[in-house]
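The two complexes that follow have chain A in common; it is paired with chain B in the first and with chain C in the second.
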Partner chain A sequence: MATKNDLASQPALKVMNRRDLSKRLVAKLKRDEAIIGGIGNTNFDLWAVGHRPQNFYMLGSMGITVPIALGVALAQPDRGVIAIEGDGSLLMSLGCLATIGMLQPRNLTIVVMDNGMYEITGRQKTATHATSDIVAIARGAGIENSVWARDEAHFDQLIDRRFDEGGPHLIAVKIDDEHATEQTPRDPALIRQRFMQGIGTGRKSALDG
Partner chain B sequence: MASMDVNAGLHEQLTKCGITLAASLPDDWVAPLIQRIEGDNAIRHVPVAREAEAIAICSGAFFGGVRSVALMGATGLLTCTGELATLNLRHAIPVFLIVSQRGTIDDQRIYQEVQGRRTKPLLDMFDFPYHVVERPEDIGCIPDCYETSRLQKRPFVLFLARQLMKGDVR
Partner chain C sequence: MSWYDNFLGVMKDNEVRLVSYVPDNVITPLLKGVTSDNYFMSVGATREDEAVGIVTGAWMGGVRGAVMMQTSGFAVIPNVLASLVVPSQVPAVLVVSERGALGEFNIGQVLVSRTMRPTLDAIAVTHHTLDNPDTMNFVVDRALKQAFATLSPVVFILSPLLTGGKVFKA
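For the complex of A and B:
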């Protein structure tokens, strides 16, 4: 199993920028893939790089982005489903990695934006700042295709593929602590309704025109 | 009705609801029902590591157009009330839970008594609808309970009473 020392012995991991990586990820999507954006800056930056009907921006409920994405992936096995999650949130629910390792959903990709801190509450440090290696944890949970992106080119290479097969995948990136500059609309029920329309399960009402 | 028949009845009603995904973390009262579901090729069973995971998976399944159920014990329900409030209540996402009603006066277990006293008041506070099935002849209410959750777009808890699940066994 990989350890902190393995991480330290890898080629240096470039510290990248969440908004830039979100833009790169969205630009690669060609098949109406669903994205579940984790709370706070993670979904703020997802919103900032351009709204898509297939984006769900979770407001609150820290820690359950990945199992929500798993539920969508199981319900729609022909659609690629991507969870974007921060390190602090993922640390709350590491058990879900074991569930995914056991189920092996082929259409699920997890992108972990790891800056080693609870950025939105004042940059308090998380365990990934010290000893915890998300990729090693995911591999240990049975998600064999788990990898650190070394830099932007490597990230592009890792996501330059079909998202609806070959998974599960976990891609972890080291990012800086730059706050998002925009925030999602604060209408949770509308976000849910529009997301469901975006993935073909929500009914349009007469009020939608 | 013997316990096996009760679980067969519960299973049949879940099928009537159109459920094709079940996420669970067992307690010993609901374990036989989970085992039945595990053996049903028409229902995808997802064993989870924590009850909040089951709530999230069922919510994602709802997004994706799949009818689901979360199965757990009363203690597990207490652990995921935060997610039920901040995900399901806030985003108007229905989720149907089947939960053992632990801690009633016929369940003399000290480690269940707080669940027995405080779970229903907690659900009342959140205004989450619930219903207790006490007798085998009441199992047929399950599709109505399920549709209530869908109609109200809120969590609905179906409690399974001790007498129903364990009979006279102490």
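For the complex of A and C:
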């Protein structure tokens, strides 16, 4: 299991880029996997790499990305569900990792974009900056398949699989401090409705023709 | 039938299948009923806002759900209600056992309890205080139907008049 020292002695952990990794992830999807993008930069970059109907952009409620993804995963056990979350947001709700460790949903994957800071609120440092290791925490919570992606090639390898089985998985990546350049449209009801249409649960209405 | 069997019966009638919770003494019989009935999917959460997130995701995925908690648990969730559930129009069902009223012995519970209804009123979330076993089924059934038809959350506050509450044994 990785510890603080393991991490420090892992020069092999390359610092990558959120938008680039989001793009790589989306490009790999083949089965209409649902993605829940976390508050701020995390969902902004998911939006920036190209909207897909199965994306849910979480505009507020910091820390609730992974629980929402778990709910979708439980409701649709045959669909792969991916949560993309920032380190600061995940640190706010570490308990959800314990819940997932207990339930072992096989169709859930968590991608943690770890820039070691609360970038969007002014670049204040988070605990992962120096001491906390998200992968060690997740393993301790019972998510055995938790790994640091060493570089882009390793990340590609980790996401080159079916997302509807073999989970839960957690993939953590060290990323740079780049601020998202685009912003998701701020219409929570519309985002929710489109997401539901994208995963087959949208209300059918005569208005849809 | 007991209030809790009736309550779960009406949840079933309205296809509310997933129950996420942080436990409380008063809702123990509800939780027992949920875990002993295969119809329900029960998910123990570590915090009430996590449970609200799970129920939100599940509903978007096609499964109706409820969160069960005590009054102190309600005080954890105003942010997730105001920033996710209400603006996204999610019919989350919240079941809160009411501490802090009618014979409360813990001053902290009394104060937390006083924040609940004003908070719900401020964000215009419908709440029903269930204190009468004779009208409970009707109220819960109609309120659930209204919540799902209008895509609005609904809160059921379980009064000690219904549940017996928790009594201070001096």
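Note that the second predicted complex is superposed on the first by the 199 of 209 C-alpha atoms of A that agree within 3 Å, B and C clash if a C-alpha of one lies under 4 Å from a C-alpha of the other, contacts with A are read in each partner's own complex, and residues count from 1 in each chain.
Going forward, a contact is a pair of C-beta atoms (placed from the backbone, for glycine too) under 8 Å apart; a residue touches a chain by one contact, two chains touch by 3 or more.
None of the values given here were measured: they were computed from a predicted structure.
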item	value
Chain C versus chain B on the shared chain A, clash or fit after superposition	clash
Which of chain B and chain C A:127 touches, first, second, both or neither	neither
Partner chain(s) touched by A:153 [first = chain B, second = chain C, both, neither]	neither
Contacts on chain A seen with chain B and repeated with chain C across the two complexes	34, 36, 56, 58-61, 63-64, 66-76, 79, 93, 95-96, 98-99, 102-103, 188-189, 191-192, 195-196, 199-201
Interface residues, chain A side, partner chain B - complex	34, 36, 56, 58-61, 63-64, 66-76, 79, 93, 95-96, 98-99, 102-103, 188-189, 191-192, 195-196, 199-201
List of chain C residues in touch with chain A within their complex	18, 41, 43-47, 49-63, 65, 79-80, 82-84, 87-90
Contact footprint of chain A on chain B as seen in their complex	21, 23, 44, 46-50, 52-53, 55-66, 68, 82-83, 86-87, 90-93
Residue ranges of chain A in contact with chain C within the complex	34, 36, 56, 58-61, 63-76, 79, 93, 95-96, 98-99, 102-103, 188-189, 191-193, 195-196, 199-201
